[in-house]
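Please find the structures below.
Two complexes come next, and they have one chain in common, chain A, joined by chain B in the first and chain C in the second.
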Partner chain A sequence: MIAALWHNIDYAACVVLFCIGLYTVITKHNLIKKFMGLNIMETAVFAFIVATGVVEGGNAPIMGPGVEPPFINPLPQALILTGIVVAVSTTALALGLVIRIWHQCGTIEADELREAE
Partner chain B sequence: MKRALVIALLLAVAVPLLIAVADLPPHGSPDAPAHTHVAPRYLERGAEEAGAENIVTAVILNYRGLDTLGEVTVIFTAMAAVLAVLVGARAVTALDTPASALPVSMIVRFIVRVLAPFIVLFSIYVVLNGHVTPGGGFQGGTIAGALVIALTLIMSDEQAARLLPRRPERVLQAAAPLAFIMTGVTGLLLTGDFLGYPVGHESALVATLMLTFVEIGIGVGGAMVIATIFRTMGAGR
Partner chain C sequence: MTTWPPLLVAVVVVPILGAVLTPVVGQWRARRAADWALGTMLLTSVVALLLVARVADGGPFSYVAGGWEVPYGIELRFDEFSAVTAIICLLGVLAIVFSRRYAEHALPEVRIPYYYALLLLNLAGMLGFSITGDLFNLFVFMEILSLSGYALVAVSGEKIAEMAAFKYLVMGAVSSIAVLFAIGMLYALTGSLNMADVASRLGGAPVAPVAVAFGMMALGFMVKAAIFPLHIWLPDAHAIAPSPVSAILSGLVVKVGIVGMLRLYQIAYTSRALDLEALNTVLMWLGALSIVMGAFFAVFQDDVKMMLAYSTISNIGYIVMGLGLASSAGVIGASVHVFNHAIIKATLFLGAGALIFRTGKRTLTDLAGVGHAMPWTVAAISVGAISIVGIPPTAGFLCKWYIALGAVEAGHPFFAFALVFGALFIFIYYIRMVNAFYFRPPRDPAILEVREAPASMLVPILVLATLCLVMGVLGRIPLSFIEPAVTRLLAPIGGG
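Here is the complex of A and B:
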């Protein structure tokens, strides 16, 4: 188990990063910090999926004269590019809503907002 | 008590994930399932079929073009939603402080001014070379959008408002989906499939031109969307 984890230390690092993000989301009351935590979790997932595409000693998947296989798998990179853009979009919308909450309620602390209800 | 709950939850997430991760094929092994299905075909045929030497670009814009069309629609929708949430909804609260122009350090101002033309050049390079080098529309558009944000920080509001073109603003904000749909229709006319690209040696130039057109559309649209979102959020400071 430990030896297998050692081989997949990159994936294990992504799990740790994911848990850091989850910790931020569930313990912080500030909404912006919560969204930062969410972004850390997203980053962990992206890093994990990109890491699955790595081939030992592979070249970048850009064809042309003088490049030799093995190539790194292009599919995870392409999918994660899409994922990153969607993550940026949701973050933008979330921050917009936070600004609106600030203007309406004067606070962005989740516990204070709950009291204000 | 609360802390114990948090730790329990984190362990409940981390332990199953770590066990699953330990069971995956070793990192970097070439015969992992992720590398044996559709990826080898993309790598073998991508350069000739898709008109892009960069296989990542080929996958994004050609093989999975519909996916990316949805994605550019998502960023456009996000911008529309931010505008809907923020514009015209500035409730008067006691917290509205008078807009005070923050004094920007001379060093920051000088460096942004000096770097600006090079950043523009680099973003254009990244957009136009997306099919042969790492990069592409999203990356180049983000660089240009970041430059607009940096310039907004060092300028007064009136100057910054002139950074973005005023009149065709809406068209430019929607540039990415529009360029994509136009290319899709062109593909429909040329090959009979929406987002189809002509395949073959003699029409490789046409495919590359279509890809470049989409890249430019995504670049312009992405930069405008990022700059617009930033401007909208900063408008009430």
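Here is the complex of A and C:
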């Protein structure tokens, strides 16, 4: 059990990170903190997917003289590049909304906002 | 033959290009942005109709983007479920026509081109979502439509619009992450992202990781579809958004979760990697709960759009219950209700939008007696209300009948009972609405002086209301259209 966990320490770390993010999203009242939790969750999933492509002792899959197999699977990295772009746009939109909420309601604490409604 | 595959690309590329260029057109002439968006969407509709005609003729077909062979390239695949593109285009066109006057009234002028750009992007995301055969591509389109959806909720700039949008964004982003995680797991298990290829390779995979992947994906799509305990983002977002946007969000965007579920079932049933009994049971119960709870909350709403938003939760409950029954009639009824509910809910939301546009009021109390001042709009709303309750011969009846049949067929008559019970509840609050519009004395006599909605609003509403009736009379056509797809879907598990 311990050995299996140690062997898959990267996946275990991703799961822990994911849970930390989810906890933050659910429990924090501050909208920016909520969103930071969301970013942590995103990072956990990105790290997980990149970790699935790792090959023990693998090289970067760039063709050229003197490059030997085995190669690391480049596809997850390419996917996550897209994922990061999506995450950045989500963050930008969320922060834009937070600024608007601040201007209109004077607070970004979810519990105070509920009273304002 | 060779002319078809580019059409499959065009149905996504045309609206995306149109969306990108809308602000440019808006810079040149702000008023031309609406025409540009309408033109783009009409062109897309022609393409979508050609695609649907072809799938009705010769079954599913696909196109491999960039010429990379499956499973390495991205496959665009058009099957019977993808025919939802037709309804996306229809509502898209009508919402854009409706927006012409509504946006001028509800939005600051500088925002109007961006509003149309977001609307087109949203529609493009949904079109892409329904035709892609690649899991990661599915995620990308889902994010395109979700992000534009969050922004569209906030676009009106009303006081709590941003708050509603933020709530929607947080729930939506968490669900997207769950789906992405599931896609990552499926890739790790099979080494492929092509849906058909994943399904064929998943057979021998260990059960536990497959269960986690399917579970996460189902959870993500359930949030997108706003099923009962995960619905909390929906009422505010759908009620606050400008009415044409509400029609799109309620009619189409929540259905993305359903189409996603159908894709998940296609993978799961074909691969037979897992017995889906547990998921189906959860879906049936949550579906029944959504029907009853959505209707229950709706009864207590005074705000018309809030009521319609809760009614969406009920109707998604019907669809999800039909899927969970996993019997032929249930899934057929659910798939057709995806189409019919889109038409009905768009009628109601656009109708409500027209009332709000003319009277500036949005509660049943304030709108009492409006039926005498705006007879056409309120007549259309009444047709929508009758359809959504499911009274024959309207569009809502056949699908609900099929779902009830499916419940009996699957040996769960209790769920047929829940369905009828929910329909009664729904009947109560729609009767309340129609009653207020026609028979209650107006609170403010000035409401009798308002004029009928302008033509650009009335035409889309009347077209949709007519469709509510036509789809009821010609209901056999969509049913027999979707049947081969459902038979194919259920064949591996011995259903169909």
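Just so we're on the same page, the second predicted complex is superposed on the first by the 115 of 117 C-alpha atoms of A that agree within 3 Å, B and C clash if a C-alpha of one lies under 4 Å from a C-alpha of the other, contacts with A are read in each partner's own complex, and residues count from 1 in each chain.
The definition used in the following text is that a contact is a pair of C-beta atoms (placed from the backbone, for glycine too) under 8 Å apart; a residue touches a chain by one contact, two chains touch by 3 or more.
On a predicted model such as this, the values are computed, not experimentally measured, just so you know.
When the shared chain is aligned, chain B comes close enough to touch A:N8, but chain C does not. In the superposed pair of complexes, A:F71 makes contact with chain B only, with no contact to chain C. Using the contact criterion defined above for the overlaid structures, shared-chain residue A:F35 touches chain C, although it does not reach chain B. Of the two partner chains placed by superposition, only chain C is touched by A:L113; chain B is not.
By the document's definition of touching, of the two partners only chain B reaches A:A60; chain C does not.
In the superposed pair of complexes, A:V25 makes contact with chain C only, with no contact to chain B. With both structures placed on the common chain, the touch criterion links A:T82 to chain B and to chain C. More chain A residues lie in contact with B than with the other chain of the pair chain B and chain C.
Of the two partner chains placed by superposition, chain B and chain C are both touched by A:L93. Shared interface residues of chain A (contacting chain B in one complex, chain C in the other): 18, 22, 52, 75-76, 82, 86, 89-90, 93, 97, 100, 104. Looking at the complex, you find that chain C touches chain A at residues 136, 139-140, 143, 147, 150-151, 154, 159-160, 162-163, 165-166, 169-170, 173-174, 176-177, 180-181, 184, 187-188.
Only residues 18, 22, 25, 31, 34-35, 38, 41-42, 45, 48-49, 52, 75-76, 79, 82-83, 86, 89-90, 93-94, 97-98, 100-101, 104-105, 113, 117 of chain A touch chain C when the two sit together in their complex. Against chain B, in their complex, chain A makes its touches with residues 1, 4-5, 7-12, 14-16, 18-19, 22-23, 26-27, 51-56, 58, 60-64, 69-71, 73-78, 81-82, 84-86, 88-90, 92-93, 95-97, 99-100, 102-104, 106.
On the side of chain B, the complex with chain A involves touching residues 6, 9-10, 13-14, 17-19, 21-24, 26-30, 32, 34-35, 38-39, 42-43, 46-47, 53-56, 58-60, 64, 67-68, 71-72, 74-75, 77-79, 81-82, 85-86, 89-91, 93-95, 132-134, 136, 138, 229, 232-233, 236.
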